[in-house]
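For reference, chains read A, B, C and D in written order, and residue numbers begin at 1 within each chain.
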């Protein structure tokens, strides 16, 4: 079992690259590389030892390589303070990094047809998945979307690895103009897909899941919920997910996800406590309508 | 007048060197270099943009050079978080730096005999002073003390610039065993010193000042009081100093110092509000014995 | 729908989490517990290694209980130890304080539940948890099997709920201490929490003390956002609390300047992390000055061993690490190591010598 | 002794500070003031540059006063503007709030007066200052001559002292506003400060309002460390305060782990800086919700333009920058620039549109 435990390490930065609109950082992290399975992520401390930023930043692992005992690459867009700091790293700097974290993509037993759907940087975890699926003899088709050409990530790799690769951009600057969900039905039909893997924003995941239901094929989605710890102790990253027993629970996306079976996620209720969730106000005998706690806890 | 105003700049680090037990950082800072006068200091922001350390660190300027339009060097010992961060800087990093700050060493009009007394890193500002004094035809004698040989700073320069250079260490590992104040009388007598300049810890400054009084020569001391702003707005760096009018005021060592006439500093009362200080409790008609403010201000 | 999915059969791992974070340990068995101690407890030996007179004595007393060292987790920041056990041996630290447990399962507050703030975070979890039954069946036995000391935090909507929780916990073997989280809405008082009314808080303490087994110390956890902290502390102590934990999070708020709405659903949240440490130190100092005989578990922004030392000097007998665990999952053992080193550097022989030392007149601070 | 020193004659500059930080400007003269505006006021033009419909309207109202923009200094963190004028033109920012002035000179508290804390600092200055006479003779004229707007903070030991200060300030020309620092020990109440007793606070506000010239708005500055902030705010507003400033520093403490003593002389100090921003935002939000018509100057940890925006969204009409000035002496103008950019990015036409926007129901936040 110990193989699966995440490790915490101070990893030297090997390279920092620009990849279109993204930054890619490769660190030497043998412990993480050897445990990694597609879909897992790392949580990176940002800002240095006297940082005012306490919370780790989560990034999907984009690639692992055996060099230097094991390297891990993640890529990211600069959004706020933490990613701005990361973008300024140089090789030989040390990063405090925890991983691999989270539930990986379950893999099919048989060589089936898989379509991989990603939005922007959200596509990152699909690339190691594609390689793994190919090794298992699966057919892989890619559908990648983004706001513009610069933000479509990994087009070349996608074309190389996959049977087909379809691209969409909001502004039509690359591939087809529109959303991935508009082209996905055609791809699924053409490729006779048996399963969908999807990473990206919640609304996209919801639509992809609805589409999978229409085609009656399974779908695995990787969600990107705000996380404070990444290790399962803080309870900030919960979304309503239906369990095997049919009961909806506020479920941690860092340890019980980020990969979920699409149909288990109650997309329409994300950001709420569904009235029928386990322990929701009024859920049981208790008339606790005043659930506003003054303090955290 | 604008020549004297401090400036704030983001200065590239040129070099970071080890000098015995100290670190020396040279930055490119033309505006500071051109305004600099011996005894002044810089205030450096530490920890980067998202630092949890809000307060600048003060360092005496050790050397300015005309290269690259003007460079400034300061040296420091690692004491806490901020200096630990500084010690990790590399060339081309940017430092947010304000300077030159503070009252410089007043210079004699005539070519008199000057003895420069320093303790540890506290000796740093004496070196540019020594050069200036030499240029004015003054005789310069150095007395430098430290805990051990490693911490005696600038012995070679001192020997080169000064007529004589006397060293003391607490452990006798370099020069004479003991305190600078033990050897100072001999130096003053031998060199027929007309004035003393001293930098170092308060107890040393007090003794040097007492000694100057005994020889009836003026003494300029540079104090090292904890500072939050360095620019005169926070009132955290005050010490009791006697003014021209004979009245003791709680005086800011960042703008009214760090250089003071030794006999004006009430060394024995540092860390207190002397009862006769302007505005001390009971100082005037007001019976405000309850001066404990709950809030800052 | 899942059942009708044709592909559902060929998933390697269908449904639930694929990765139980650590190996399951059979629940409750005394033998297993011993075993776990022997295999994983090495850290504990490390902590007291070289106790040949050189290493400081890290033991500390909280009421009738003695802990091997004063470093604990803070409630709600470490689950029941299971997730952190991936990073260090939970038996090495003084105790694991569990997430506050309630009688029933609780879903908590809607997202977003947190926002990062300078040197801190705002959170509003709303006491999400599985309820006491699952806790007693699943979480507590796991922790005990690993050799961890369990301080169980409890929360309720009425004094009766708290009492019932204390009764249930007293029947289970292995509970080291009970911590009463008083920052839980009092249903009888329109949801104001118990710390806002010293009489209500005292009542909770009294019934919990009466319901809990007598050898289980009961600590009352206070918030700093109260009109009269010393008064509240005194009321709790007089009602029978064996000690006090402080502080809980501080009321705070952040506005998301992109959405222009409060960053945490529901508006206010609890501020925690190093940002609040000076507030926490002031509280511990003040309460220790007023009630020097009441042991205190100090918390609020502990990040380093030196921070832990600061709390002890202010008057705490132990410290709990909360938010910083999110930053550094191995924080507790790192802090323990740093704390031990700090004591060695200062030549402090016993943790007990430090407690409240900052209150002593200047001459008296010299330690043996 | 200095007089008998033989060398005393040959110092280039004997005695006092060699370097008056900036050129002296003849006090008070209207002509000089205009001149200073013309030469140094360029920044002001910059702030409103391109007001061709594109640049947001930064003006904000505080009672009867309109400021060119909502960025001010916080009391006690900028002197009376003189030192900061070395780094930027003080006429460019909305106003300079002066260090609290008292009737008599005051030496303040002994050192150490400060300690750095995570994203904040503790301080205990003890209201050191030269007294109202020197302020009126030296500091106020300097600021006015530079074209700065002067908000004068006052502190006293009794309502009468506050009233006397307000009277003296009303006789001097050029005071834009008076801010009553209520966190000053009330001599009649064994040194408890005025914020701890809403009745005492209200009395101070009432007499200051009565003594101050009617065209000078009077703001009451509150602390968050009070049993009932909304109650205190209401009491002050009802007593005639034209607005509220909040928050003052938060009670805190740090222990120096080397000396094992409190790091700030006297034990507790005031915590300030970004660490307390979430506390301040919560206070502003709560008071604005209760008293939506009372203008608020928000402060506590403003570091960036986005932080300033956060305060406005919570309900402040202006913001003051305090501790961050120590970190960055040009902070106020930098924040003003960032704030203006933030408004442009969001297409906000008027500062007024932002005030309290976080309170509006979701749909209503869309701004013109």
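Definition applied: a contact is a pair of C-beta atoms (placed from the backbone, for glycine too) under 8 Å apart; a residue touches a chain by one contact, two chains touch by 3 or more.
Because the structure is predicted, anything quoted here is derived from the model rather than measured.
Among the remaining chains, those touching chain A and also chain B are C, D. In terms of C-beta pairs in contact, the better-connected of the chain pairs A-C and A-D is A-C. Look at where the CA atoms of chain A average out and do the same for chain C: the two points lie 31 Å apart. Per-chain CA centroids place chain B at a distance of 46 Å from chain C. Taking each chain's centre as the mean of its C-alpha atoms, chain C lies 39 Å from chain D. Touching two or more other chains at once are residues 118-120, 122, 251, 268-269, 273-274 of chain C. Contacts with at least two other chains are made by residues 52-53 of chain A. Arrangement of the chains shown, judged by which pairs touch: all-to-all, with no pair of chains left without contact. Residues 1, 4-6, 8, 45, 52-56, 96, 98, 103-104, 106-110, 112, 194-195, 213, 216-218, 225-226, 228-229, 231-236, 238-239, 243-244, 249-250, 255-256, 261, 263-264, 270-273, 277-281, 283-288, 290-297 of chain A are the ones touching chain C in the complex.
Partner chain A is touched in their complex by these residues of chain B: 46-53, 81, 84-85. Taken together, the chain D residues at the contact with chain B in this complex read 1-2, 4-8, 10-19, 21-23, 75-79, 83-84, 86-87, 99-100, 103-114, 116, 118-131, 155, 157, 181, 183-185, 187, 190-193, 196, 223, 225, 248-249, 251, 265-266, 268-270, 272-274, 323-330.
If you check the complex, the residues on chain C that touch chain B are 118-119, 274.
Of all residues in chain C, only 117-120, 122, 227-228, 250-255, 257, 259-262, 267-269, 271, 273-279, 281-282, 285, 301, 303, 306, 309-310, 313-314, 342, 357-358, 362, 365 touch chain D in the complex they form.
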